[in-house]
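For reference, chains read A, B, C and D in written order, and residue numbers begin at 1 within each chain.
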Amino acid sequence: MNPTEINILEEVELDNPIFIEALPGIGHVGKLAADHMIDELEATKFAEIYSYYYPPQVFIGEDGIIKNMINELYYLKDIGEDNIDLIILVGNTQGLSPEGQFELCSETLEFVKGYGVSKIFTLGGMATGQQTSENPKVYGAATCEENIESLKEAEIEIRSNDGGIVGASGLFLGLGMRQGIHGSCLMGETPGFFIDAEAARAILEKLAILLNIEVNTDKLEERAEETREMLIKAQQMEQDILNKAAGNDRDDLRYIG
Amino acid sequence: MNPTEINILEEVELDNPIFIEALPGIGHVGKLAADHMIDELEATKFAEIYSYYYPPQVFIGEDGIIKNMINELYYLKDIGEDNIDLIILVGNTQGLSPEGQFELCSETLEFVKGYGVSKIFTLGGMATGQQTSENPKVYGAATCEENIESLKEAEIEIRSNDGGIVGASGLFLGLGMRQGIHGSCLMGETPGFFIDAEAARAILEKLAILLNIEVNTDKLEERAEETREMLIKAQQMEQDILNKAAGNDRDDLRYIG
Amino acid sequence: MNPTEINILEEVELDNPIFIEALPGIGHVGKLAADHMIDELEATKFAEIYSYYYPPQVFIGEDGIIKNMINELYYLKDIGEDNIDLIILVGNTQGLSPEGQFELCSETLEFVKGYGVSKIFTLGGMATGQQTSENPKVYGAATCEENIESLKEAEIEIRSNDGGIVGASGLFLGLGMRQGIHGSCLMGETPGFFIDAEAARAILEKLAILLNIEVNTDKLEERAEETREMLIKAQQMEQDILNKAAGNDRDDLRYIG
Amino acid sequence: MNPTEINILEEVELDNPIFIEALPGIGHVGKLAADHMIDELEATKFAEIYSYYYPPQVFIGEDGIIKNMINELYYLKDIGEDNIDLIILVGNTQGLSPEGQFELCSETLEFVKGYGVSKIFTLGGMATGQQTSENPKVYGAATCEENIESLKEAEIEIRSNDGGIVGASGLFLGLGMRQGIHGSCLMGETPGFFIDAEAARAILEKLAILLNIEVNTDKLEERAEETREMLIKAQQMEQDILNKAAGNDRDDLRYIG
């Protein structure tokens, strides 16, 4: 097998689709927003991505059925006022090692470029570390001034000289930019330590304005609750791994040697 | 040399064998169960697996004889009521890095697929962190509903939406599933901080029901005692490595640069 | 894509150029010195280096515009009393993993060798951990006695049997040396925990003597201030990553397995 | 360049040489013993090994001259009562990552096999963590019973079921064993936290018996003193790296993302 495998489930032709990345991250804000959008707008899954760069594990799902670590691509055709096409990337994990993340994002971008992707949105959370207001802000950054203008028109607060974007949400924009595909990152303000439906609603509303589409967010809190339950156990496991793996890495020169 | 080498010791033909993975893990439950089964049923070793993905070390065994880190494949033919064939994977280590574990499990699975493997069981422990009852429970998960039904018939408790399975026991099921080879994981409830013969007995009994075979578990406690002695020293060494290697990893940007 | 990509922006012919490395490091001494020199002498950027070995992230720059992790090559022709040519390597990051750093430095060196590089200077800081004097010292080391003599003539203090040089500033000299390209490392004495304009001025003055060129250092403090502001946020992010990533590395053998 | 490069400095024919590994390790016992033996018996360097698997740094040596991380191969012809040939591996570092150590040891072994290597000795220290007696013990382990017998004849204490041997001293024996080249490891008892000339003398005396050669150990303490001075600074640097690099590794899924 190759380190990364993309299985195409359905052949589809898209018209300059916009690519939306929403892999798990801070407060699961991006993931929650995209999962909800996929459900509400009835997007169709057309490809699955498996990779050796994911954490070496499986999840135990509903009724004891095992689920692989996976990234999934969905499409939507002719939606909204402007009859646009979308490709949405969701999943239950990101690449684990730095080189692995680069490899994986690069291969995924190469794949969606084959569908004529013309623009990128990456969705994430911005951890404040403290309780946020009832109406969490949405922050933005972009690869070019034109996109910054669009963000401003949607009343998204621009972050300036302000740290960075780590992981897939950063890499897709950085890799895209090098190939002339521009894009923006939307970051929902969130305390960062729970599944944040309010932050997800906030970025969904902004994304809907930017894409000129409508997404009903009524059932978002319900979905957040389900995700929460699923994640509590997953996070316990992850914490166990962290505790056990702490420092269990490379050997040094002070061994018998 | 290749990163992973599989040396075939004996050419053997098997009839749709069931593949059982039992590499070292929590409480050495799976390993202990499989080692015992290999002894009791007089399984034959037919292949050895060496890999650069193992920890970079050797063990000092009986009478000062050095042993390589190794995974080993045993077979059993025509056993039990149903005259089934088995391939059993045991060893003294697993892959160390995430990518390494994926590579190694994938190559091993590819190899046993060459023998027509039709089904997978992976054996492990489930750490409770506290003293377990005299009759430890066996938990299960599986890649499909049919296998979940079999586990239920054997009165194995199904874990649902319940974290994950990390390492070889998870990866073999996940990788197998992607290729249409289904399977189950049996996890013996164990405190997790000692070699647990009772948990091993519990999963062996369930495995025997599932495979419709008989395995005498009388000498299991004796074997556990031997394993314990061997591991106490190995774990002291491992702890030393952990202590010394803590943080000894990658350099950052704050060096002389 | 390849793990490392070097994009040539301008074809240029150089005459036995001297290669100066000044990637981010202790106190950002080397980077600050080289950035200033590029500005003052109006060097021209002629190549950009992208790599999977960088940290998997992007920075948010001025007005919310996203910047890739990058290394950049500038050239200067016919400068100073001796009409020398220079290639200067600057950037916002270094390779992250040990193997990655070797790969990246080796590919970059291979590339600049194509321009006939005859000599190497690497610029860095030497952390003292405490407040330094108003006129920080410049320390030096070199790959051959001839270069040591030049350093002494410029009244640079030679470090002897004195630890090492970690990262790009060490690797370029070590890799160059193996191929007959000799060089020196200049290290400005710095407390190490802030952007140190004085240490940068000190190494720039010594470098100017060694290259027989003139560089006005009047605006160096101003530049240091800008860098400081930019880095405060970047470092907060980096610290967050460190805190979160602590120990989140490899799995060990004590999992369910 | 290749990740690992072996530069041959002198073509030499050897007669079934014995391969001795003595890279830096606990108490620098093996390295000190081998460096001394090379000096006393006037061994000739015939090959140098460079690798991307070493730590990404250089050392500053005598008079500010930079030294690469390196492994070196020396030979001795027709020495001792039995007119044997030796290949001795020394250096200032070992591979850093687990996979890197396997790769490097494997390539080095492949190289010395080309000279007809018939037997391996690996030299190291065994850390006791406390002050050892005036006459430190030498412990041994081997890949076969025949070698264990030789060790016993030389009054070396056999370690049995006793942890393991991590790093090059373990891997050369493990890799050699898989190819039919047998060998032994000699471990000098040492507190482990200083350069231990007494432990080095102890293993040199045992090695001399095993090889039936004579090595004058009078100047060993003097050499230990030099090594001590050199290492104090190197270790300070290493410690700095450890402190800074602690946890600076991989990003996880909790980033903006």
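Just a few scattered comments:
Following the convention adopted for this analysis, a contact is a pair of C-beta atoms (placed from the backbone, for glycine too) under 8 Å apart; a residue touches a chain by one contact, two chains touch by 3 or more.
The shown structure was predicted, so the numbers you read here are calculated from the model rather than taken from an experiment.
Distance between Cα centroids is largest for the pairing of subunit A with D. Taking shared numbers over all numbers used, the subunit A to subunit B interface scores under half, which places it in the different class. Each chain gets one centre point, the mean of its Cα atoms, and the points for subunit B and subunit C are 48 Å apart. Between subunit A and subunit C the centroid-to-centroid distance comes to 34 Å (mean Cα coordinates, whole Å).
Residue positions 55-57, 96-98, 101, 127, 165-167, 170, 185, 241, 246-251, 254-255 of subunit B are each in touch with at least two other chains. Considering their complex, residues 1, 3, 50, 52-66, 68-69, 96-97, 100, 229-230, 233-234, 236-237, 240-241, 246-252, 254-255 of subunit D touch subunit C. Every residue of subunit D that touches subunit B in the complex is listed here, in rising order: 55-57, 95, 98-99, 101-103, 106, 110, 127, 140-145, 148, 151, 158-167, 170-171, 173-175, 177-178, 185, 241-249.
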